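The same chain A turns up in both complexes below, where it pairs with chain B and then with chain C.
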Partner chain A sequence: MAKTVMPFGPQHPVLPEPIHLTLVLEDDIVQEVLPNIGYCHRGIEKGCERNAYWKNPRLVEHVCGICNFMHAQAYCEAVEKALEMEVPPRAKYLRVIWAELNRIRSHLLWLGLLADAFGFESLFMQFWRIREKSVFLIEKTTGNRIIFSTCVVGGVNKDIPNDYLRGEFTKVLKEIKADVEELLPVLLKDPTVKARCVGKGVLSKEDAHKLGAVGPTARGSGLRQDMRLTGHAAYGELDFEPVVEPDGDSYARALVRAKEVLQSIELILEAIGKIPDTEIFIKPDHWPEKEAFSRIEQPRGELIYYVKGNGTRYLERCKIRTPTFANIPPLLAMLPGCEMADVPIITLSIDPCIACTER
Partner chain B sequence: MPWMIPRILKNLFGGPATIRYPFEKREPFLFENFRGRFEHDSEKCDLCGDCQRLCPSEAIKVDEENRTVTWDPFKCIYCHICVESCFHQALKPVVEYTLPAYVKKQVVWQVPEKK
Partner chain C sequence: MREERISTIGVEKEVLVDLEEFISEVEKMAGRGARFVTASCRDLGEEGFEIIYHFDIDHKVENIRIKVPKGREVPSISPIFFPALLIENEIKDMFGVKFIGMAIDFDSKLLLHQEAPKIPLLKPSWDKEPAPERKIPPCREACPAGIDIPGYIRLIEEGKYKEAVELIRQQNPLVAISGRVCFAPCETKCRQTIEQSPLSIRLLKRYASDKAGFDLDKSKKPDTGKKVAIVGSGPAGLSCAFYLAKLGHQVVIFEALPKPGGMLRVGIPDYRLPQDILEAEIKTITDLGVEIRCNQKVESVDELFNQGFNAVFLALGAHQNVEMGIPGEDDEKVLNCVTMLRRVNLGEKVEVGEKVGVVGGGNSAIDAARVALRLGAKEVTIFYRRTRAEMPASPEEVEAALEEGIKIEFLCAPTKIERKGDKLAVTNIKMKLGEPDESGRRRPVPIEGSEYTVELDNLVIAIGQRPEVSEKLGVNIGRGNRIEADAMSMKTSRDGVFAGGDVRTGPASVVEAVADGRKAAIAIDKYLGGDGRLYVPEVPYPQQFVMRRDMKEARKQIPRVEVKKLDPKERVKNFNEVELGFTDEQSAQETKRCWRCDWNE
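Presenting the complex of A and B:
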């Protein structure tokens, strides 16, 4: 049988962002995949070296719009480690609340996109209707729908009043929870959805470990790996167990994300119960001289920031390793052997964020 | 799809989830921390330049010689660091989006001489 080379992307209805995969097909079965990235490189790492370090949280937030708070949080935690300073406890709890809100928004967006990818338009609209409630909470607490701009080096720059957190905030979160619980059976039990997802793009536990999969891709393959377990911010004081599914197919990864939405709501409610009343910001008293790492859990997986200071207000180096970059090798292991029609869903199942990957 | 029937019935007899935007507008924002356009109070400003130093996108320029503050609404990323950092509270947020425009015009505020 002759081989056919088929381009997939960079413009494709299922992809919100540009990635190009060269598929080598043999009778509609994928034999070989070659990825090609580099369509939206913006040079943000270099930009971080040219800005004063306190301006960078606003720049790294624009690495990715969907998970912008985690980028600012990871950068601030790295610089705080380099400055050897401790953030006030209330700021840590507020960071957890906003980070988990960000995760809810990102996962609901992805669940909608998944429904859209196999043509289930009405489910897509229902998920985005729920997502709008989380966007509403973000707008009320930070002032804008998408970009948070609340995390700064030394704490956070906005406070949420306790009575609002325990009143309307909790009420809307419980509404989101009820709505998600109502819609999840549609996504998870429907036979057409199962026909498109179960057994497609299988990644075994050994492959996930060997190829360095992170986040829901790793947890969907049975690896118990979650950076929140390291106890950064206030996660050490909260009680949670990562969602792990053993199957390793597209359906398992969707299940992990769906359950994580409910888990994030529980985490926020727990954080609201424990939040202390302290100040929210401490001004850094010197410029960073040392180097530091920070690892946090983004909706897509582990996000690493490395910063190196040189005693001036500019950083010597700021390195960003984003989760999608780590998840591309596992994607290349998933694709061979599947049908051409399954490529969009499998590509979507790692939740690709190309703007993150290329920075 | 038996699992979607409750939702279908709710959508059938409930109101729409969307708002007819230009005719209906949402209630105002809580805590007055909406990040949109802001205005400059020339009486309070003393041209210290804190906003210019802290602005991540370099959208504000303070000219001490000509006593002007220039703001570029199309360079601004609306993080409101300038509003929070202003010691004299000369920059005041307005609950209003910045509207699109045909020409990218800068806003120049003149600061009068202080006695």
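Presenting the complex of A and C:
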């Protein structure tokens, strides 16, 4: 049979964001994939050179809407390293709490989208109902529903009172946990879901390492890889072991994300128990002169910031490597051999964020 | 060359290698089981590019750093580390670095498109800081006319007085006048106030104007053939006329009084604004071809349109005194503040007795009191129904009045005026402050049974003014006898008729009227078919930049210069100008106090 070239995207019902995959098909089987991005390149890296360095957290938060706090956190950690300054312990814990809250929101959003991709509308709405509770907590603690705007170079700019953390905050988190535990079997034990996910888009452990997979994509293939293990922010003081699933298919990646929601809740509760009472912000006393490299674990994987200062209030270079950018080569390896009808689900299973990828 | 050196913080190991040894170094990394993370590229300009490859070994980062001269091709590492192909394609798209042997070459279509021009997306970073940008500082924000205050202070500091005045004239054509009478809202917002007293912005403006003189830029656009009638030659009318004349329109100002200037002429006493300054400033406007017809009271707008005018700007001002509404107010010994000041300023004779009282707490009440003193009164008392904190008069004026020996009685108001022979018996009632009213000031509440009587020769009523607008103008008239007009475009309910100044806002300040006139000029130009862009000479702004943090500490230490004034005992005998203006040394010291908040740092 002759080869068919089929365009996937840039407009596709499963992905609200524009990525274009050129699929070369034989019969209904994918043979070759070529990605084409660049539909929403905004030049944010260049923009970081134009702003005074302390204004950039507001800008890099807009790289991506669903993981914005992590972008600000990774940027701030990089600049703090370049400034050779230490952040107060309470700020570190607050960063952990907000980052994990961000992860809960992002994963619940993705689980909903996955259900939606199967046409499982009611489950989609149920997941987004739980997600709304995490958005409520974000709004209560930061004043905003989506963009946190709390991370600044030198600490955080808002504090959460201890009695709120131990009161309503903990209560709502436990509600989220109960809700998720109730809903997850519905998604994961459903025969249709299993038929569409199990054994689809397999990425072996060796391939995952060779192709540089990150985040749940890597952990779903059995790699024990999590940037939280590096102990940045307050993660070093928290008891934590990454969720690893050995199978390497779409189902394993979904399972990793589902378990990480529960793990994040445990992490926040542990952080609330250990949070010290110190100040939350130290004003930087000079301008960055050095180069620094920071990486943190985003909902989608390893996020990297490389910054170079030059002794002025402007950075000379700010390089952002987002997890989806690293997960595209593994995607190119997952797709060949699958059916055309499975392409959307497999693409979704790496949780692609194109706005991140192109910056 | 192979050099191990860690220059990036947060990295375990770093090697700097030559292009020749680069691939062997990468292969060594692959042999150790590293995971490719990403590569960061930096454009160094002339020196070429710097590419840092980041690898991960068991959660530790190791870097390989190479320097690539411009035009050299880099061997691709994607045959060894497949995921590197994406970042290599991105670097190719963003910086224009060429790679050889890439696993997949997207042919500049990863970030760019077929339609997009094939130019690098990321240009070299600035080696030095980007040129600082200017922003609107607090003082300029506070100025109703929006004058570029740090700009002209900087020009004065450099001795460019003509340019400074031209810069002010971009927003306000009455430089010498506002340098004397403006109540300077900018000074209250000056950031130097955080440390000590604010800059004397108004006096610096006056100094620039004194130095530059009145022989100013007379350039204007060619004649457009449109005619505009301006009713009223006060600050609003003059400023509107100035900007319209610059745009090439033919402007005629109609003035009901025998001399032009409106409230500047008849409302502000000579000791604050000498008549010769006013004349000279008006001449700079008439020099542009503006015709002022005095003694012509305009009753109807239709008449003006019949005479061939294409647009009308009503700047009538607020010349009607507000009455108190108490018995005995129509006595001939009870003076009306507006009439009294007008007669004095126009050179008519006004006689006051030895003991004069003034009712009111605004600037015109202070003016009336100080004029009464100069007319020969021995003892002048101001009656105000609230306390000094609530007084609308500017604190400087109140201070000057107190210096001259004027007494102010707070928390009292007249309730009855009786004639006793040659004298007036004024019954006052004492007040106390109650709940705040809609203006935010505490409302005076009369204390019952606290009446007392004062014996006076004259009583001046200065509790406010309102516009005098006749129905025949055919425009909507709102609260307080004001003409209803849009605050941005000055448009009234009638097509082609604009209104601004006190007649729109109620009694306000010179600078607010000037701002209204300027906005009206823009709106009228648009109405007449222009693009609404005023014709103002370009003033080169000094670009030399000093960081605020470098100069702020030194600037904080310099104290505010107190301007020299005439001796209070001597000045009450005549109408000579009280403030003497800055000397060269004083202005030099004062300009050095500005923080230059207009630079965005």
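One rule holds for everything that comes next: the second predicted complex is superposed on the first by the 359 of 359 C-alpha atoms of A that agree within 3 Å, B and C clash if a C-alpha of one lies under 4 Å from a C-alpha of the other, contacts with A are read in each partner's own complex, and residues count from 1 in each chain.
In the analysis below, contacts are C-beta pairs under 8 Å (C-beta built on N, C-alpha and C of every residue); 3 or more make two chains touch, one makes a residue touch a chain.
Bear in mind the structure is a predicted one, so any value in this text is a computation, not a measurement.
Overlap between chain B and chain C is detected when the two structures are superposed via chain A.
Looking at the shared chain after the overlay, A:E139 reaches chain B, while chain C stays out of its contact range. By the touch criterion defined above, A:R58 lies against chain B but remains apart from chain C after alignment on the C-alpha atoms of chain A. Once the two complexes are overlaid on the shared chain, A:Q126 sits against chain B while remaining clear of chain C. Legend: residue contacts after superposition of the two complexes on their common chain; A:P276 is shown touching neither chain B nor chain C. By the document's definition of touching, of the two partners only chain B reaches A:P185; chain C does not. Within the superposed three-chain arrangement, the count of touched residues of chain A is higher for C, of the candidates chain B and chain C.
In the superposition on chain A, A:G167 makes contact with neither chain B nor chain C.
Legend: residue contacts after superposition of the two complexes on their common chain; A:K158 is shown touching chain B, with no touch to chain C.
Using the contact criterion defined above for the overlaid structures, shared-chain residue A:A78 touches chain C, although it does not reach chain B.
After superposition on chain A, the stretch of chain C that runs into chain B among 6-14, 96-104 or 132-140 is 132-140.
Once the two complexes are overlaid on chain A, none of the chain A residues touched by chain B in the first is touched by chain C in the second. Taken in their complex, chain B has these residues touching chain A: 1, 3-4, 6-7, 17, 29-31, 33-35, 54-57, 77-81, 84. Of all the residues in chain A, the ones that touch chain C in their complex are 34-38, 41, 43, 45-46, 49-50, 52, 78, 81-82, 84, 209-212, 225, 227, 229-230, 290-295, 302, 304, 306, 308, 310, 312-314, 316-317, 319, 321, 325-326, 328-330, 358. By the touch criterion stated above, chain A contacts chain B in their complex at residues 51, 54-56, 58-59, 62, 122-123, 126, 129, 132, 139-140, 142-144, 147, 149, 157-158, 161, 164, 182-183, 185-186, 189-190. Taken together, the chain C residues at the contact with chain A in this complex read 7-11, 33, 35-38, 40-42, 52, 54, 59, 61, 63, 81-83, 85-87, 93, 104, 106, 109-113, 121-123, 125-130, 601.
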